[in-house]
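Dumping the structure here so I can ask a few things about it.
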Amino acid sequence: ACGAGGKVGAGGAGPEGAPVAGGTLKVLEFSEPRTLDPAALQNTGQGTALLGNALYGTLMIDNQQTGEVEYRMATDFSSTDGGKTFTLELKDGLKFSDGSTLDAAAVKFNWDRLKDPTLGSDSQPVAGLVKSSTVVDPTTLTVTLGQPSPYFAQQMLGSAMNWIASPAALQKGTNAFDQNPIGAGPFTLQSWTRSGSIQLVKNPGYWDAPRPYLDNITITTSADAQQRVNALTTGQVDLGTEVDWQAAAKDKAAGLQIVTRPFGGGQFLALNTLRAPFDDVRARQALSYAIDLDALNAAVYSGYGEVANQLFPAGSKFHNDVALHTYDKAKAQQLFDQLAAEGKPVSFTFTAFPKDRAVAEAVQAQLSAFQNVKVQVKSADTAESGKIFGAHDFDVLVATAFFIDPEPALYSAFSSQSPRNATGINDPRLDQALLAGRTGTSTDQRKAAYQTVSERLAATVPVIFYARPAQAAVASSKVGGVSMYGTGSVLPELLWLAK
Amino acid sequence: MVLVTMVVSLLMALTPGSVAEAILGQNATPENVAALNAKLGLDKPLWQQYLSWLGNALHGDLGTSPLTGQPVSSAIAERAPVTVELAVLSLVIALALALLFAVLGATWPRGRFDRFLNALSSVLLSVPAFIAGPILVYFLSVQTGLFPVLGWAPLDEGLGANLESAFLPALSVALVEIASFHRLLRADLTSTLREEYIDAARARGMSHAYVLFRHALRPSSFSLVTIFGISLGRMIGGTVIVETLFALPGLGQLIVTSIGSRDVIMVQGVVAFTGVVYVAINTVVDLSYGLIDPRVRRAVTA
Amino acid sequence: MAGNGTAHLRGDEALLSVRDLVVEYATKGGTVRAVSGASFDVLPGETLGIVGESGCGKSTAGRAVLRLEGAVGGEVSFGGERIDGAGERRMRALRRDMQMIFQDPVASLNPRRNVPAIVAEGLAISGAPKEKQQRAAAEILTAVGLSPEQLATTSPRRLSGGQAQRVAIARALAVRPRLLICDEPVSALDVSVQAQILNLIEDLKTEFALTVVFIAHDLAVVRSMTDHVLIMYLGKTCEFGDSQQVYDHPAHPYTRALLDSVPLADPDHPFRGPSLDGELPSPLAPPSGCRFRTRCPLAQPVCARTEPEMREVRPGQFAACHFPDQNEEQQ
Amino acid sequence: MNDILLSVRELRAYLGSPRGVVKAVDDVSFDLARGEAIGLVGESGSGKSVLSRAIMGLLPRRSETTGSVTFEGRELLGLPRKAMREIWGPRIAMVFQDPGRSLNPVVRTGRQLTEGMRRHLGVSRSEAHARAVKLLAEVGVPDPERRLRAYPHELSGGMQQRVMIAVALACEPDLLIADEPTTALDVTVQRQILDLLRRVQSEHRMSMILVSHDLSVVAGRTDRTAVMYAGRLAEVGPTRDVFRQPRHRYTHALLDATPTMDHERHAKFPLIPGALPDPVRVPPGCRFAARCAHATASCSDPGPDMRPAGEGRSVACSNPVTGGELVGR
Amino acid sequence: MTSTGLLRGKAAKKAAAKLPVVPAAKKTHSVLVWLSYGWMAAIILLAVFAPVLHLPSYATPIGFPRLGPSTDSLSMLLGTDGTGRSMLSRLIYGARVSLVVGTAACVTTFVLGSLLGMMAGYFGKKLDTGIGLLTDVMLAFPGLVLLLALAATFTPSITTLIVGMGVMGMPQFVRLARAQTLSWSTRGFVRAAKNMGAGPWRILFREILPNVLPPLAAYLPIVLAHVIVAEGSLSFLGLGIPPPSPSWGGMIYAGKDSIADDPHLVFVPALAIFCTVFALNQIGDHLRNRFDGDHL
């Protein structure tokens, strides 16, 4: 059960045979949630997907290999009118861990709630696509979207919409909820020491018996790449999420299983097209020409990263050959000189959040070999993101857009209609292609649309993709059943420990 | 204390960004920020926010973090034991080693061994915790597997596990402290050993070790106790780097993440708490002067 | 003994007159009354000796006269002028007329300044030009028997006790004072050096027309250096009179006991009289009545009740004792 | 009682200092009989303390001694520390100059008094305590029980010195070295301590070396007196003789310069001109020659030797004082 | 009673007399002292003349990242850093930052701290209470908040680092200076100066200051080391000196994840810090001995 993982690739294998029940799995996550409110959880490997899946279960998932939607707590979520309205059918007799019923009303409550921007949910853009929803009967909910989107199921399953928490529990307030979060997932919370560990125990009333196999899960957190490697390789933890290529390479060298999916998109340098110097496309092109992605990879990931030169990886059904980036020192210098001569020298500030400092410094180092370009690196805290993202107060920063299905990541990142368009790129042809990708009903239609998207991105250079995301689950050879859906979301109910 | 928290809230207000932006992340459009601020009551003028916080704080209510929804006092209660244990443990380690070094050094002053120890403490002085930590982890956990790489085992998992998880972080913090402790103690010890009462004790035929521990150590520990107090106070404020590195649920991580997300209420609460602890430590240090030297004792009791 | 009173004061012609001086220190154990109501005066040109056991308040009295220690009560007049209330500015001017040599000569010299700078300090403060300072410093150093060249770069730490004491004297004399208070100028010195310093003080006294207050606990030295002597005990005055007369006919039992305790360089008669028992009581809780009564061989119940006043026992000799005559009889 | 307890022969103790080698004690020889008290006098810096410490074997680290110190026929110089520890306390004890500095301020007097007994005599805690109470009473400390619990700073200087003497007596030593035991004290207390020392010395039939820079202190308290100058002994003899008839020019000058009660008012004090020689560069021959009015060429080269001069007496002077010159005294 | 004849003539024994030989003071450390002066001189000279040394730019990569030290060329002498820049050049330019930040922060701390401490110690009473309160507040105050605020309000730069670290180190000096002043101000010479009519400021600066300074200055090397190292710790929080300017502490921090694989990234700057700290200590000891030697 292993996907491709760039140069790191798949690692060792898990145990053979049928799943065994019992045991405590120790998991190392990258970051800790602010609260256990599903709205505050991120359904990505880098986020807190495993925890969300454990506490709240999943309505549906997409198959790790085929990408097809598979239903879990939902039995159906489809549209008959080309993506304008969807009907959600739930399994009968779903119960929250406190015994109350998980019904369509609970789903509606959760989904409506996610739309509230002040919750700060990462999934708000997806939830915002839903214009209205109606409870038809206890297991049926109809959903009307603001805009047709045939692939909405794929979008929502990769967000917090996939997680349904008990409305009654949510209404008791954050602190009470954090002490006793109620969902219908395979595990329930035993205790949570902030910055320490999260202890989960098997939910005996889980709908999909005999799953989960494990009795307990302990989740600890470390953002230090080397320490994560140490903890995994010494066997102090059994399973971890890895977001750093170099660390993943070390894990692999130690013979651990690496499980990932063939993601498209990746990490990029976002160039602010709304103000100088990058309001001029030549400046953006110059920067793109100037940057040697292999050198960047060598500096940031010790060469273990997978450089993203095409929007979709080779195996993707949307794959095309359009090169997003060309390294050409001479052209870069020529453009820099030209701009300087026009009195618009390329001088900018690289706004680096703590984890991006190495990238910023490497870019700065590379550019120092050119004339007429100046880079400053400024550290920023996430608390400043309002100013930075909201008011587009930056020149260059690191952002990501990665996906299995390009929807909604690409639309959200590059459409001029999207509130999350960080670069402010406003290219009508790009917008059009993105919309076509969103509303297209056949794979061919969509593939054509995304070809255009690739071309427009290469031409307008709002961003410079430099690496695929490292979104891997790393596990010791004792851990069986490591599988993921969405953007690296590991399913805890399938995990088991070999004796 | 009031002064400290006031300055803190002022400084925090000066720094760009706000807790609302931290919560909203990429959704942080100005409208959303304003809406959330209104919801959290953060749209009032700063002095009003501060005064209402202060009023509640004086009644023992440190408020609730807007970021996590956790009451500040319970957050502190959860974290403080970790940091306190870490601080105490590392200081005990540092003290024990520094004592050993100083005593050995003072036994053969200016000898080869003494100079070696001095050089060693210079080395330790130039090795920050963020380097010492990884090196220790590499040798003591990755290579030998003696200690866990990271994480915290609370006391209820057993004292053994607890100490095991605390040892490496404590040692990495201790290494730097050893150097300053050693220097101070060595200097004081050598000057005490020059005192006439040491000769007098020797002239009674008492053994070297007896003279050293019974007669010389106590009068030489004044500066040490002072520095010990200061170090302890500083560490209670958070051993940030080590806590982050070893993923320990301590106050240091709390304050750093709170600062990072501009969670002013949490920061104020933690600062108020560490301030109180600091004052308490100072008092204890002052009292311990009396224990060390009876000549001071009268001043304290009288 | 140890009583008070002002009967022994000699009136207006005194250069320095101290009346009922009280000095207190706040200490850990409580307030110490280091000087409690002592009175004395010095006539121009004479040498007054102040004698007493360690801690009886001799230095404190000397310092309080110079207002280096805040006095709690009493009057101090210098040259007929009341100075106990004088302002800081007036005091600075007056200090040039009254100088003190401190008890520990080495400690009274700043180890981080060179000798000429220390000697010229008084002139520097009064704003004299550099050149004049240097000249004056050289002059005065020569006068006290030191070589200015040799000391120009010497740190006080490298001076011997005798040299340090000479420097301290030079510093005091550099501002040409009228009154010199010497606080145990020789007690830290060897006999051979002691003689040099004592002779120097005698010489300078004539040369600079000085009036001297000579504080010491070496009774032999005081006898030959002074004209009048004041005996102190626990912050109070015991006896006052012409020094030879007091030594030859001590009226106060304490004076007597002191003289009896002085070791004599005579193998067959090591001491003049019997030993005095007991120790100095704590200044924190002085005995009632006569403060000496706890150690006094003549103590009577009255001594515990009433504090004796200074009164004339013989012409020019005053003692604060209820039984001064008995003392005499015993002798 | 011609029973020699301590015999010092050609003792030299050189100390290293930043300025060079200090010849603090240079060729000193004398004997001390059992039960005898010897006074060691000399100006500050003449080497009295170094001599006492050299006998004890308590010199600073950078120092070297030659010669011999025999105690009951046993050579002490070069004895390993371990063996010395058996001698310190029960055989030789020392009282230091400043009681305030030689009692540990942070240790109760009781412990300081009993620790030696417990180590050397192997007595139990309670027995040591009982002995300590008796000792304190003997040295004239009132209310001994309470004083044992006191810290040194709670005692007056005189009491501290009494405690120090008690500490020294704790293991009933054969030899007591008292290095300026009264210099820090008042006349009245000095008198008490001197009387006490003399009493215990004769009662315990102890030998004593009483060091002082004050001739008067030594005069009435010792059987013999040794006068020291610049690291050498100038003259040794029975106390009475040394004071009545000083032979060495230095002893004479020193006695002369000592102020006396019958000195005439405002008269000049007799002086010894000059100062002690630099201990790093001592002149050859008689070290007093430079300050001596009677010095001749032979004083510096070859210089006088220690010569016997009458009953129990020896003097190192080329032109010793003869009887007739002593009129002034 | 005694032993007359036993004292034999010295002349007879002269030939046999063995003179004690006092071992000369150990001079072994003097080599170290000169090495220390040499190291400091070298570091300072290199830092000052860095621009004329024909070193590759500290900002531009010269080769593959994380190459080990090699003797092929001068610029590769210490290998390359995480982004392929010359370690040698970064080390030398880093010396500039580290030394400037270190010294300036030390001096700030030292001057302000000593001044306040001396005033507190000498004038006592209200001023002492006030300054005591201030230092307590500063000690209890999280330096992190201060640095963050400084960094965020003024953008991190050498100046903010100096101010921040300078202020943070102050309380210690205040305390030390206060304690020293308290003990010196009761000395005889202060009283003597008062007796000469000296005003309080004159006493403070002329009499007390020269005595308080040397013991305080002895702490400077340690403080300097702390500052240099702490500057690296600040990189941890994003408060260090902004890139690409190198600093030793920052270099250590940047290399910390590669200790196992590429140890030179950490050990080269760590060694530089160690040598500097060690040298400063040696020099400090040496100077102290030199000026106070005769006092021992």
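Which chain is which? They are A, B, C, D and E, in the order written, and residues in each are numbered from 1.
Just so it is clear, a contact is a pair of C-beta atoms (placed from the backbone, for glycine too) under 8 Å apart; a residue touches a chain by one contact, two chains touch by 3 or more.
Keep in mind it's a predicted model, so treat the numbers as computed, not measured.
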*In the chain contact graph, what is the shortest path length, in steps, from chain C to chain E?*
1
*Find out how few touching-chain steps suffice to connect chain A with chain E.*
1
_Shared chain contacts [chain D and chain E, defined touch]_ = B, C
_Interface with more contacting C-beta pairs, comparing A-B to B-D_ = A-B
_Most widely separated chain from chain C, with each centre as the mean of CA atoms_ = A
_Based on mean C-alpha positions, I'd like to know which chain lies farthest from chain D._
A
*asked:* Counting only Cα atoms for the centres, state how far chain C is from chain D in Å.
replied: 31
*Using CA atom averages as chain centres, what separation in Å is found between chain A and chain D?*
90
*Using the average of all C-alpha atoms in each chain as its centre, how far is it in Å between chain A and chain C?*
90
*Inter-chain centre distance, chain B versus chain E - centres from mean C-alpha coordinates, in Å*: 23
*In chain E, which residues are in touch with two or more of the other chains?*
152, 256-257, 260, 294
*asked:* Where in chain C do residues touch two or more of the other chains?
replied: none
*Please list all residues of chain D that touch 2 or more other chains.*
none
*Please give the residue numbers of chain E that touch chain C in the complex, ascending.*
187-189, 191-198, 202, 206-207, 210-211, 294-295
_Residue numbers of chain D touching chain B in their complex, please._
56, 58, 61, 81, 84-90, 93-94, 96-98, 101-107, 111-112, 115-116, 119-120, 151, 153, 164, 167, 170-171
*Give every residue of chain A touching chain E within the complex, in rising order.*
225-226, 295, 298-299, 302, 354, 357-358, 360-362, 364-366, 368-369, 376-379, 381
_Give the list of chain C residues in touch with chain E in this complex._
63, 66, 68, 91-93, 95-96, 99-100, 102-104, 107-113, 121-122, 125-126, 155, 157-158, 168, 171, 175
*asked:* Quick check: in the complex, which residue numbers of chain E touch chain A?
replied: 57, 59-61, 64-66, 82-85, 151-152, 155-156, 238-239, 242-244, 254, 256-257, 260-261
